[in-house]
Amino acid sequence: MPRFWREKQGRYNLVGNRCTNCGTYYFPKRDICPKCHRKSVGKMEPFRFKGTGKVVSWTIVHDPHPDYKDMRPYIMAIIELDEGPKLTAQIVDCALDEIHTGMRVRDTFRKLTEDGKDGVIFYGYKFRPVKE
Amino acid sequence: MRDVYVIGVGITRFGELWERSFRDIGIEAGIKAINDSGIAGDDIDALYIGNMSAGAFINQEHIGALIVDYVGFASSSHIPAVRVEAAGASGAIAFKEAYLSIASGMHDIAVVGGAEKMTDIGDEMANAIQGMVIDQEWETVFGATYASLQAMMARAHMEKYGTTREQLGMVSVINHRHGALNPDAQFQREIKLQTVLNSGYVAEPLRVFDMAPLSDGAASLVLASGDVAKKYTDNPVKVKGIGQASDTISLHDRREICTMDATVHAAKRAYERAGAKPADIDVAEVYDSSTIAEIIAIEDLGFFDKGQGGKAVEDERIALTGEIPVNTSGGLKARGHPVGATGVAQIVEIVKQLRGEADKRQVKDARLGLAHAVGGSGATAVVSILEGSQ
Amino acid sequence: MKAGIVSYGAYVPRYRIKPEEIGKVWGEDGAARGKGLGISSKSIPSPDEDVITIAVEAARSALLRAGIDAQDIGAIYTGSESHPYAVKPTSSVVAEAILAAPDMTAADYEFACKAGTAALQNVFGLVETGWIKYGMAIGADTSQGAPGDPLEYSASAGGAAFIAGKEKIIAKINGMYSYTTDTPDFWRREGQAYPSHGGRFTGEPAYFKHVLTAARHLMELDGTEAKDYDYVVLHQPNGKFPRRAAKKLGFTDEQLNPGLLTPRIGNTYSGAVPLGLSAVFDIAKPGDRILVTSFGSGAGSDAFDISITDEMERFNRSAGPIVEDMIADAIYVDYATYVKYRKKIRRKGDAI
């Protein structure tokens, strides 16, 4: 559970960071910029992403991790945020025949999983299509 | 650095080995390799074991200690034992570490093992454990599975290069054709393309028959320095060059999701060290954890241009009778994929080919062979090039 | 009172089920049941939604529309009868999820369907005294009806959030009045999955007594009559009660309809009056006057007399979704899917 609690700002609010040395954005946050190495130490600044982006690739999962069976079949996608970084997330509120590469999406707050019926519930981002 | 040779190989049958424990299969492969080499147990200087997840699969860590004990050297010669973990590349890196220990002059004879026992837990849990080789915090937790990442690589490859669903299926068909000729393979039955295309979805567009199975199994090698090798065999196989490279752990952080830069860099390093080019390779074992992984591998290893892998498979240029036979063992798909064993099993097949001992699946005049292993969705890659003495 | 409503945000989940689907399984004429209740469909949360996710979506919408700094929110209270945890508040998750934490207070409310309006009264008080600059009150529910019980036709999911403050208010509070008694018309004991109710007892001695008394008393205090208002928003456990109550109070259907959502999305319990008021805010103009009366079983009613200010012209409503759009964005499911989503199926490992 502390593993989840530690990441809540990333998972709830898409807070990553930016290397002020070269200007590159990162999500999730990194302690060191892979481009600037030592020059980035102490120069990484928190940054909250807008939550909008587009689908780079996608799949429909039929054989999930046991904790995710209730939503099967569900769409997983690699999403490129408008600011640059990419992440992996479920796409919800989207018909299985609607999903396509290039689709515009925005983030929404949902339950990811829970630590059993008497355990903590873990929340985080999923994405939904944006009606253009 | 000294030259290093493979002087012994051993492998168990791969499959759902209900009657065999992890210890049983580890020892069986080790004993076979040691017997094949002709060395005495006392001559072994070190043991290197590749294993991905014994902790999760059988609740056992400290695998190096376990195996060195059960092959009989813990309380007699007290040799050092090292367990290496890099997901699917575990066995390949164990091989590389053993190679380095001899090349550096520290040891003269080292035994390499790779073993995994994946069927002691329910199938459902296997998905959860495979979720540990990709990014747990930013992929698995959000609902991604190993297969779903392979599926996204497939879709990107299909959309960018026009690779077809049928071409993916042919990878599986050709690997099964080879597996049918391999008495140690998990699946020894040929399959039709329609079987692949009709099998249930795992993560679209990938189906059950696109994915390597869950398996139990072990493989082993005996490596030795040049002087030692000469004493035991007149058919030693020389390790010409090994390259290893890393890339981001998450698929979404890669430069390009349908190319494995780790494979490209590992291959470059291996070719350089071996003084070889892709066209020089006569036979290759590549990491087909899924059908798309094989197509991407044959491109990234330089056998075919980027984007042309699908066509090469369709034209059967990678079949036993093709210009670059790939996965004559049956690959991960048909030979089986006990994860920690795979990297070592691939070397076993290459050595057999280069010695002329590959029986019904022998590639004629195989002189230079390549083995390619990957960890996770492409975060680690190892390419090993070996040369036969014939 | 200087404190008023600065912003609002609403959330209605997409899934719906029709009464016919429910009736089929229990051997009843579902369509007739629905007609009797004045409900043609009800909203259902997706398996990955709960009161916390609904509260967060509504809160984020309210915050975006307000354009204020989340750090200036000094209190968040969420009222519900289906909080995901019995112990561990919904409001603290909302606080982190809208970046309002940590210099603030939070707690959860329960008073059946009026928990949201009770929370609203509280933030008005904290803002009025100057202790906080802005406060947020949320009413949200994913209420459960026992399988085969009449409540299965109406218990639904949704919620809305309000931000209270003194600056740039879009709605000022002309008056408030509450009426509270110990009346056990509907209840749920700790540890029970489904609520119980007193059947017809929930009508006259409960809903009507409290709603009519509170509304009448407030109008008396403010010296108004039904015709002085443009809209009336009443608690709406079904489509019939609020219409009858409105009539008794002298209101017309035109005044009632914009804030009456239950016929299409069911009874969202603590979300009902907040959503009804949000639907009215979606169309209200400066000068419009609204009478709001909630009802919570157990029992009590909170009444508010609200006037829309000129600030509503400048309000950034388009920064969040409007209620009608969310109601229209519907996906219909069958009873089996409904029961799976509402977790009424016994799973492996559950006690018998």
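So that you can tell them apart, the chains are marked A, B and C in the order they are listed, and the count of residues begins at 1 in each.
Definition applied: contacts are C-beta pairs under 8 Å (C-beta built on N, C-alpha and C of every residue); 3 or more make two chains touch, one makes a residue touch a chain.
All of these numbers come straight from a predicted model, not from anything done at the bench.
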{"item": "Chain pair whose interface holds the most contacting C-beta pairs", "value": "A-B"}
{"item": "By mean Cα position, the chain sitting nearest the middle", "value": "A"}
{"item": "For chain A paired with chain B, centre-to-centre distance based on mean C-alpha positions, whole Å", "value": "32"}
{"item": "Cα-centroid distance, chain B relative to chain C, in whole angstrom", "value": "59"}
{"item": "Touching two or more other chains - residue numbers and ranges from chain A", "value": "71, 112, 126"}
{"item": "Interfacial residue positions of chain A with respect to chain B in the complex", "value": "3-4, 7, 28, 56-68, 71, 73-74, 76-79, 85-90, 101, 112-113, 122, 124-126"}
{"item": "In the complex, chain A residues that touch chain C", "value": "8-9, 12-13, 48, 70-71, 92-93, 108-112, 117, 121, 123, 126"}
{"item": "In the complex with chain A, residue positions of chain C that touch it", "value": "14, 46-50, 52-53, 56-57, 60, 84-85, 93, 96-97, 99, 340, 349-350"}
{"item": "Residues of chain B defined as touching chain A within the complex", "value": "124-125, 127-128, 131, 135, 137-145, 147-149, 151-153, 155-156, 159, 200-206, 250-253, 257"}
